[in-house]
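Common to both upcoming complexes is chain A, partnered first by chain B, then by chain C.
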Partner chain A sequence: MPWIDACATDDIETEDLIRFDHDGRTFAIYRSPDDEFFCTDGLCTHEQVHLADGLVMDYEIECPKHNATFDYRTGEAKRAPACVNLNTYPVRTEGGRVLIEV
Partner chain B sequence: MAHRDYSMLGADAKRAVETGLAAAEWYHTDIPRKQMKDLMRRDDGPAIRDTIILFGSMVALAGIGIALWPSIWSLPFWLAYGVLYGSAMDSRWHECSHGTAFKTRWMNDVIYQIASFCMVRNPHAWRWSHTRHHTDTIIVGRDPEIAIMRPPEFARLIANFFGLVDAWNGWIRMLYNATGRVHPEEASYIPEAEQHKVIRVARIWVVIYASVIALAFAMGSILPLMVIGLPRLYGAWHHVMTGLLQHGGLADNVIDHRLNSRTVYMNPISRFIYWNMNYHVEHHMFPMVPYHRLPELHEAVKHDLPLPNSSIAQAFAEMWPALRRQLKNEDFFLKRDLPATAKPYREDFHHAALGTAAE
Partner chain C sequence: MTGIVIVGAGECGTRAALSAREAGFEGAITLFGQEGGMPYERPPLSKSDAGAVVRRAICTEDTLDKAGIEYRQNIAVTAISPETSRLSLSDGSDASYTRLLLATGASPRLLDCIGSEHAQVLRSYEDARAIFSKAVTGKSAVIIGAGLIGLELAASLRKLGMSACVLELGPRALGRAVPEILANRLVLRHRAEGVNFRFNCQIDAIASDHILLAGGECLPADLIIAAIGVTPETELARQAGLDCNNGICVDDQLRSSAPDIFAAGDCAALRRPDGTIQRFETWRNARDQGDLAGRNLAGAEARFSALPWFWSDQYDLGLQVVGDVSGAPSARRTISPDNDILFWLDADGRLIGAAGLGTGRSAAKDIALAERLIEAGVSSSSEVLSDCTHNLKFLLKCAKAA
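Right, the complex of A and B next:
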């Protein structure tokens, strides 16, 4: 799978996320409290709401519509109404850029 | 004039899906991400403080009520206890179902379970019904929490001030679920994997109620039921009063919360009981914002919202005549004016509903 240059590391605040659209798909890229980067599908598995408007708390992302939560490191659904896990994608940083493998 | 079918399995439900009203993208006021993140931030402090006040008051009031029982002087203490049990628990149920009251998840979950029991709302069934209420707010056939259906049934609305319909339905449904069944309407919005939890909770509640009733028989007094069960009836009036104002008399089948929800300025005691849900347009637009930050959210978005009602009485004076007009004309509703600073309603988007607004 190709590595895609998604954004600059500085584009994402610590303990936050941004939306990244690529090739007709939408992703969420996270920066953890420990300055690690992660990537998941961009839409909540419950009702296809963009997670980018949600809240990152530690290692969880909370959907802005119904407060479903996921562990963005593993994609695991942690709180109803989400019952289906998010897909996750490899991430690496290089020269101040965030690259995702999708 | 269209006749509305509020069944989750009826013609309007089907039509809402076919026309894209179901699970639609709703209007949101623009707020900078940085500000929104700050407003969404969780905090245990305010809810711990409020919970200590709430439960401390309940213990004190019920204790005095028991001490004075059966004197008439116990009555005011029961009435005050009842409002905390039968109304404040409604807002605790609501906020904790969103997971926004506390930062710590187990605290949300514990209060959610207690409040669900007090309000006779199965915590698993109602979690999913409220999820649907937020997806499809006041979309006929999709929203299972429409308090005032058209044409309004005034006898039902007034009976509910004493919990006579909702609590009764809750107890009937509890017994139904306790037999190991989930109602077909519930099954339309509760995932199959979650349905066993509905049954388990119903059975636990039946045991609790049976114990309280047995104690009442053993004592030859209704006193145990004055503490558990009956306050859901004699203390319901406040949450019904505030709850009816949330959407009553406003538009249905629209996808802009400014058209179907109402923000009302209220006195501090009602706001404590109601946990700031008087900022109801704001809550529906941004359900991630905890109750204790809603006044700040209101300040941030009020330029884009209809003018709030100035008091509970003023809001009822606006709503009640509209409900009476809906008796004769189901399509009648109040279309509230936006300030000049607001983005206009999407008339093209809501043409069918807005065509019959009040002038």
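Right, the complex of A and C next:
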């Protein structure tokens, strides 16, 4: 799998996320409260709503539509209505850039 | 059959069944549904896209199997005997329970005028199919009731090329649940999309192809829909002698007046500590009360305290409301020209409610934060809340650190 240069580390605020689209797919890239970076699929597994408008609190992302929550580090679905986990992807940072392997 | 029995396989009943198992209950769990097919979500029914009605399952058959939940579809529970803990079923058989949950939901209110049977109502998947099968470009729809379901249907039918006219008995749209400022913005948008509104409008009679208004005017219509609210399904509970008052009365553990019988979701009238009674008709309440009822059926003694929360989608606008939004708002935060968040403070300056309307999900993050601020009992001021430079997450972090 190739590593894709997704954004600058400064593009994402601490404890927040951005949307990243690549090659017909859409992802969510997160910056945790301790400034680690993570990447999951962009759409909630419940109703295919993009998570980019959702709220990041600690290590969870809440879907903006029905408040399903996921642990964005593992993709684990934590609260109904979502029962299917999010796919996660490896992330590394290099020279102020965020790279994802998708 | 003993163990947990749940009457009603909507969002609430299905969630309760799964939640009871997740809470570690090891006995039998039986879920009765009057309709056929897998339990499904109702919110998509009013938001048909391109004329297709979406039947989104709440869970798969596999999920129910793995949880060891017996789902009995197309069966109605016709009577409950609390003295003997037995149920009568529509197929003539009976069943017993150790603990029972009534998640019977609500039914659409019917108009009480001549010809009211000509108005379609929306509650089930079959209702939605009946409505959208008549959604033909160029034909006319008249929707009675400017509530959330009425307006969502108006938006869906306009998108399909029907003309749409909304008749409302009251002086404005969404008078029951949505703050006037946001309701007016939604009505403006509907008007821009070509929807007609008539407020303070009284109906004399309905026929298959027209509506007769008080005053004598006749409105022709190819499709007539009544969306004038719902009545809680309390018949079973009433016959069983349970206390009912605009819903099945429950305490904050969702227990009814009979031992071992709980009620949750649209049908439950929750008695709050201050003695007031609240009944919620939202998808999220169905999920939250179902979740809690499931745990209590399994033996927990959890108390219900979740805030009211709902959303509505109309055209590309998303509305979200949390907490108590009655009366005039205390603050208005304009995030962009088409994204307003309103806040309500109580007399002590504590945040008690918030409502947002914006394009897509643009209001979602602020409403999610407002919900946490309300839960944390945070006080603020109109000045701070009106000012976009004051970050709501920062307020929450400060409150938690204090």
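Quick note on the criterion: the second predicted complex is superposed on the first by the 102 of 102 C-alpha atoms of A that agree within 3 Å, B and C clash if a C-alpha of one lies under 4 Å from a C-alpha of the other, contacts with A are read in each partner's own complex, and residues count from 1 in each chain.
The criterion applied here is as follows: a residue touches a chain if its C-beta (ideal position, glycine included) is under 8 Å from a C-beta of that chain, and two chains touch if they have at least 3 such contacts.
Predicted model only: the values in this text are computed from it and were never measured.
**Student:** Touching A:80 in the superposition: chain B (first), chain C (second), both, neither?
**Tutor:** After superposition on chain A, A:80 lies in contact with both partners, chain B and chain C.
**Student:** Is A:67 touching the first partner chain B, the second partner chain C, both, or neither of them?
**Tutor:** Once the two structures are laid over each other on A, A:67 reaches both partners.
**Student:** Just to be sure I read the superposition right, which of the two partners does A:10 touch: chain B = first, chain C = second, or both, or neither?
**Tutor:** Touch partners of A:10: none, neither chain B nor chain C.
**Student:** Between chain B and chain C, whom does A:47 touch in the aligned arrangement: first, second, both, or neither?
**Tutor:** Touch partners of A:47: chain B and chain C.
**Student:** Please write out, lowest number first, the residues of chain A touched by both chain B and chain C across the two complexes.
**Tutor:** Overlap of chain B and chain C footprints on chain A: residues 47, 53-55, 57, 62, 64-67, 80-81, 83.
**Student:** Can you check the complex and tell me which residues of chain A touch chain B?
**Tutor:** 16, 46-48, 53-55, 57, 62, 64-67, 69, 79-81, 83
**Student:** Could you please specify the touching residues of chain C with respect to chain A in the complex?
**Tutor:** 15, 18, 41, 56, 58-59, 63, 283-284, 287, 291, 309, 311, 360-362, 364-365, 368-369, 372, 393
**Student:** Hey, which residues of chain A end up touching chain C in the complex?
**Tutor:** 15, 47, 49-50, 53-55, 57, 62, 64-67, 80-81, 83
**Student:** Spell out the part of chain B that touches chain A in their complex, as residue ranges.
**Tutor:** Touch residues, chain B against chain A: 23, 36-37, 40-42, 98-100, 103, 105, 127-128, 131, 134-135, 191, 193-194, 286-288.
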